[in-house]
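These are the structures in question, set out in turn.
Two complexes come next, and they have one chain in common, chain A, joined by chain B in the first and chain C in the second.
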Partner chain A sequence: MMNQMIVDRNDAKLSMAHLFIAFAAVLLGGIAGLLQTLVRSGTIVLPAGIGYYQLLTAHGILLALVFTTYFIIGFFYAGMSRTMGKFYDQPYRMGWLGYIVMTIGTVLTTIMILLNEGTVLYTFYAPLKASPWFYIGLTLFIVGTWLAGGAMCHQYYIWKKVSHKKISPLFSFMAVMTMVLWFVATIGVAVSVIFQFIPWSFGWVDEINILLSRTLFWYFGHPLVYFWLLPAYVCWYVIIPEIIGGKIFSDSLARLSFVLFLLFSIPVGFHHQLLESGISPFWKYLQVVLTFMVIVPSLMTAFSLFASFEIAGRKKGAKGLFGWFRALPWKDARFFAPMVGMLIFIPAGAGGIINASNQMNQIVHNTLWVTGHFHLTVASSVALTFFGIAYWLIPHLTGRVLTGRMHQIANLQTVLWAIGMFFMSGAMHTVGLLGAPRRTAYTTYQDNPDALGWIPYEVTMAVGGSILFIAILLLIYIITDLAFFAPKGKEDFPIGEVAEGAEKTPAILENWRLWLGIATVLILVAYTVPVVHMIEHAPPGSPGYKFW
Partner chain B sequence: MGVLEEKKETARKIVTTKEGPNLKGTMIAVMLLGGFIVLSWFGVYWLYIVRL
Partner chain C sequence: MHMHKLERLWLMIGSGALIVFLLVIGVNAFAMGHTPPSDSNILDPTQVDLTAPFDDPGLKKIGDNEYELVLVAQAFTFQSNDELKIPEGATVHFKVTSKDVVHGFQIPKTNVNMMITPGHVNTITHTFDEAGQFLILCNEYCGVGHQAMGVPLEVIK
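Moving on to the complex of A and B:
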C-alpha cells in the first residue's frame, strides 16, 4: 500500500462526491454574493420578500463553511490515497458515513436559511435566535467533519503501523495536522451549540450568556481561518514545486511551520473580541502576542516558497536577482491560479496583522475593511489555490485531461477573479477606513453626508462583485467540462520531491503527543482564567431576538 | 600534521566545497515583504494617531 502515483478508483469517488457539493455551494453562494453587492449599493431591491441578511447568511455558510470544508476533505482523501495508498476498509467506510452526516447537516441548515428561520449570519451571534433545526444542522455538519477527520487519522495510524516508518509522506502529515487542528478548534463551537444555543432555541432555558458564546465561537473562529489556509499551504509546499519543475526546499521546515500553526492559531480568539467588554485587557494582550507568533511560520512559508521558485528558476538558467520570477510557468493554470493567490496573500497577511493590533482594531473593527480582508484571504488566496488544485485534481479523478484550451480559460478565470477582487475588496478596505460598517443593508442614514460619501465605494463593490460572478460562471463551466466532457486520458497528481542536500527530517516533528501537549497547555493558559471568570461573574443572560 | 590539524583541514574543505544554492533573490523578496507589512502597519497606526 505504498505511493502508487494515482488515486484509487473508490477513493476517487469519495473525493469527487465532496468536490461536487463544494462547487455547487460556490455557485449558490456566488449568486447570493452578487445580489448582496447590488442591494448594498442601492442598485436593486430584492423581490419576493427575500431579505438582505438572509442572503448574507447563505453567502457566508455556503462559501466560508460548505465550499471550503467539502473541498478540503475531498482534496485530503485524494492526496492521502495518492501518497499512502488506497484507504483501508474501515476508514473508507467512515469517510462515506462522514459525507452522509455532513450532507444531512448542510441540507437541513440550508433549508432553514431558505425558510428565513436561520437568518443569523454565519457567525450566528447571540442574542439573534434561529430555529433549533438551524443549530442542529450545523451540529450534524461538524459531526460529519469529525468522522472525516477520524477516517484520515485512522488511515494514517494503520499506514504507520504497517509501514513501520517514523516519518509519513509530507502531504499526509499536513492533512492529518490540519484535521487535528480542526478537532481541537471545533470543540469550542460544539460546546457552545450543544450546551448553549440548542437548549436556548428550543426554549428549555430562557437566557444565554452572550459573552461566553462569542468567546467559544472565536476559540473556533480563528483556527477556522487556518483550517482554510493550511490546505492551500499543502498545495504551495508540496504540489507547486513539482509543477514548476523544482523541489521542496525543506521537508523539516514545512513540517515545523505546520506544527507552529497548530500551536499558535488556537489560543488567539480574543483578537476578534478586542472591543468586547467583560474580558480583562491582560488576556486580550496575551492573545494578541500569541497571534503575532503566527507571523513566524507565515514568513517561514514565504521564504520556503521563494526559495523553491529561485532554485527552480536558476536551474533553468535564469539570471539576475529576480530572473527566476520570469522563468516561472505563468501559462500553466495549475501554477497561475495558486500563484496569484499567493501574491494576494501578501496584502491579505499585512491586513491581518493590522486587524489583530489592539489600537488599530479600533479603526477597522466591524467596518467593511474586515470584509475586504477576508475576501483577500479566504476568498482569494485560498479560493484561487483551491481552483488551481481542482484544475488537475478533477481530471485526475475522472480519468480526463486538462487541455491547452482549458488552461487558457482557467487563466482567464484567474485574471477575472483578481480584477473583480481588486475592485471589490479594494473598495471595501478603503470605505472601511472611512467608517462604513459591515453586515449592513443599503441605507443613507437619513442622508448623512458621511454615509452618502460611502455610496461610490459601494457601487465599486458591486462592479467588482459582478466581475467576480462572471468568474464564478466561468469556473463552473471549467469544472463541469473537467468532470464530464474533457478528453479521456491521464492527468498527473503532482507531488514534489525534497531537494537534494536538504537536512533529514527529525522524527520529533511527528511526535503528536508532544505538540498536542504544548498546544493544550497554551490553550489552557490563554483561556482558563477568562472563561472561568465569564461563568462565575456572568453578565446578565439575554433572551433571544428575531429582527427579520 | 597532527590528527587535530587534519580534522580541522577536512572540516575547512567541507565548508568551502559545499556551496548552498544562490538565494539572494529570495532574501531580497522576503525583506521586501517584511517592509510592506511594516509600512502598512504604520500607515493605519498613523490613521489611529490622527483620529485620537
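Moving on to the complex of A and C:
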C-alpha cells in the first residue's frame, strides 16, 4: 500500500485549488475585520462611500462561509486520497465541477456585496431584500458543496465495493459523516432561498413569511457551526496522536462521537430564536434539551484527546501526575496551533452553553458577547486548527517541507493570534454583558452615558483586531512560502494508528440508514408541530425593504 | 461497546451535571414563569398604524404603578406618542411590533431583550427598581441607520 502514503498528484491539485481560495478569503476577510474594529471604536471613518455593514457582510461571508468551506473540502479531498487512495475518475471530475460551481457562486455573491446590492449580512434576514443575484450566488455556492460532498460519498461507496471492507479508514468515515451532516443541514437554507427568497427578490411574489424563513435559516445555521468544528475534530482525533508520537485512543468511540454529532446538531435551531414571537416556549425548551445533548460527544472527545496525550507523554518517560503535559511537542507548529485551539475551546464551549440556556440567553442575545463567543470557537479553535493543518498539508501537496525556521514563525503566529483574540474577544464578552449590541457601527446614542462607557472596550477590541491582522499577514507569508518557495522535499501527511488492544470497531457505526433514520426522526419531532403552526398561523407576509 | 472505566466515570459526572442543569432551567422557565418572550399574537405588518393598540403607541397606566408601554419599531426609531418617563418601582409591560424589517429590543442594565419580527407582537415585563437613565436600543441589524436606533427611557424618583 505504498501509494497510499502520499496524496495522488491530481488529487493534490484539486485540494490545493480549494486551499488557495480559502486563504485568499482569510486575507480579504481579515482586512474587512480590521476596518470594522477601527470604525466601531470611532478611530476611523470609512472613505469612498464604503459602508460599515457592507464590510460586515463581506467579513461574514468570506470568513464564515468561503474560508471554512473551501478549506474543509480541500482538506477532506487530500485526507480521503491519503487514506483510501487516488480518487476514481467519476468522483474526481465531480470534485472539479463542484469547485467551479462553488467559485462562480462565490464570485457572484462577492460582486453583489461590492456593488452594495447585498448588504444584508451573511444571515440575510428577510424582509431586508438583496439583489436576486446575491441569493443566486449563495445557491450556486451551496450546490457546489453538494457536488463536492457527492464526490466524497461516491469515492467512499466505490472504495467499499472494491475493498469488501465493512469498516472504512477513520479519516474518510469522519469526512463523509461531516458532508452527510452538511447535506441534511443545507436542505433548510436551500428550501428557503429557492422557494422564498429568489421568487420574492425577483418580484414574482410580493410577500415573504418571515418566521418561516428565519426558522429554515437556523435549521441550517446551527449545524453549520458543527460543519466547521467537525473537521477540526478530525485533526484532533486522527492527526494529532500521530504528530505527538501516540496512538488513537479508540476508533469506535471516535466514530460514535461523530454519529452523535449527526443526530444532535440539527434539531436545535430554535436556540438561536429563543427571544422570538410565534414559537411556543415548550418547543424552544425541547430544542434546548436536544442542543445540550451535543455536550456528550464533546466530553467524549475531550477525554479521548487528553488520554492520547497522556499515553504518548508517559511512553516518552514522563513522570508524575502531569509530567506528560510538559512532554508534549510544544515547539512543533503542527501540534502547537491546534493545541492552543483545543485549549481555547474550553472557555469557548462553556460560553456556548450559556448562550443556549433558554431564558439565560436573554442576557447575551445579540450583544457583542455572542460575537466574542464565536471568535473563540470558529475564529480560534477551528481557525488555529485549520492553520495547523495547512502547515504540513500544503508542503505535502506541493512537494516541499516545513522547515525548522517556519515552525518558529508559525508558532509566533499562533501566539499573536491568542494574544489578539484575548484582547478582542475578552473585550467583546465583557462589553456584551454591559449591553453593547453586536453588528452595530460606531454610536453613542446621543451621548447616552451607558453607551459612552462602552467605548474603552471597543478601543480594546480594535487593539486586539490590529494584533490579529498582523497575525493574518504572518499567516499569509507562511502559506505563500509553503506553497511556492519552501525547500523541495517530502512532508508527512500524519495519520494516527489505533492503540493496540483497542476493541474492534463494530460495523453498526457505519450503518448509514440507521443513523440517518434516527436523525430524520429527531428532526421531525423537533420541527413538525412548530413549523406547521408557523405556516397555518402565519400573519400576512412582508414586502421587501432596502434600507442601505 | 467497551469504554474505559475512567471515561465512563467522566461521562457520568458530565451527563449528571447536564441533567441537573436542564432541570434547573426547566423548572425556572415553566414553574417559576421565566420562559423567554414568545408572544403568539399576529397582525398585518403593512397595517400597523391602523391596528390597535399600535395605532396609538405610548404609555398607559393600567394599575398601581403598573404601565403598558406600546411601541412601534421602524427604521430607525421606536415610535411613541408619549414621553418615556416612568416612576421608580414601576412595572412596565412592553408590547412591541415592527412596521418594516426585523428589529431587536434591548434595555442595557436589565434583562429586557427580545426580537421584533414584522407580523408578530412581542411582549416582555420588567420592574424598574432604581431611578435613572435607561436606553432602549435595537440590537438587530436593520439598515444603514441601525446604530442610531435608540431612545431614552427615564425612571424618575
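As a convention for this text, the second predicted complex is superposed on the first by the 545 of 548 C-alpha atoms of A that agree within 3 Å, B and C clash if a C-alpha of one lies under 4 Å from a C-alpha of the other, contacts with A are read in each partner's own complex, and residues count from 1 in each chain.
Basically, a residue touches a chain if its C-beta (ideal position, glycine included) is under 8 Å from a C-beta of that chain, and two chains touch if they have at least 3 such contacts.
Model, not experiment: these values are computed from the prediction.
Once chain A of both complexes is superposed, is A:284 in touch with chain B (first), chain C (second), both, or neither?
second
Of the partners chain B and chain C, which touch A:303 in the superposed model: first, second, both, neither?
Touch partners of A:303: chain B and chain C.
Name the contact category of A:118: first (chain B only), second (chain C only), both, or neither.
It touches nothing on chain B or chain C.
Based on the superposed arrangement, let me know which partner A:363 touches: chain B (first), chain C (second), both, or neither?
So A:363 meets both chain B and chain C here.
Look at A:292 in the shared chain and tell me whether it touches chain B only, chain C only, both, or neither; answer first, second, both or neither.
A:292 sits against chain C, while chain B stays out of touch.
Based on the superposed arrangement, let me know which partner A:388 touches: chain B (first), chain C (second), both, or neither?
In the superposed model, A:388 contacts neither chain B nor chain C.
Is A:91 contacted by the first partner chain B, the second partner chain C, both or neither?
Neither partner.
Could you let me know whether more residues of chain A are touched by chain B or by chain C?
C
Would you mind listing the overlap between the chain B footprint and the chain C footprint on chain A?
After superposing on chain A, chain A residues 299, 303, 307, 357, 359-360, 362-363 contact both chain B and chain C.
What part of chain B is in contact with chain A in the complex they form?
The touching residues are 21-26, 28-30, 33-34, 36-37, 40-41, 44-45, 47-48, 51.
Which residues of chain C touch chain A in their complex?
The touching residues are 1-4, 6-7, 10-11, 14-15, 18, 21-22, 25-26, 28-30, 34-46, 75, 100-102, 104, 106-109, 111-115, 117-122, 133, 135, 137-148, 150, 152.
Per the contact definition, I'd like the list of chain A residues that touch chain C in the complex.
51, 53, 56, 119, 121, 125-128, 210-211, 214, 250, 252-253, 256, 273-281, 284-285, 288-289, 292, 295-296, 299-300, 303-304, 307, 357-363, 365-367, 434-443, 445-446, 448-451, 503, 506, 537-543, 545, 547-548
How about chain A: which of its residues touch chain B in the complex?
Touching chain B from chain A are residues 299, 302-303, 306-307, 309-311, 314, 321-325, 346-347, 349-351, 353-354, 357, 359-360, 362-364, 433.
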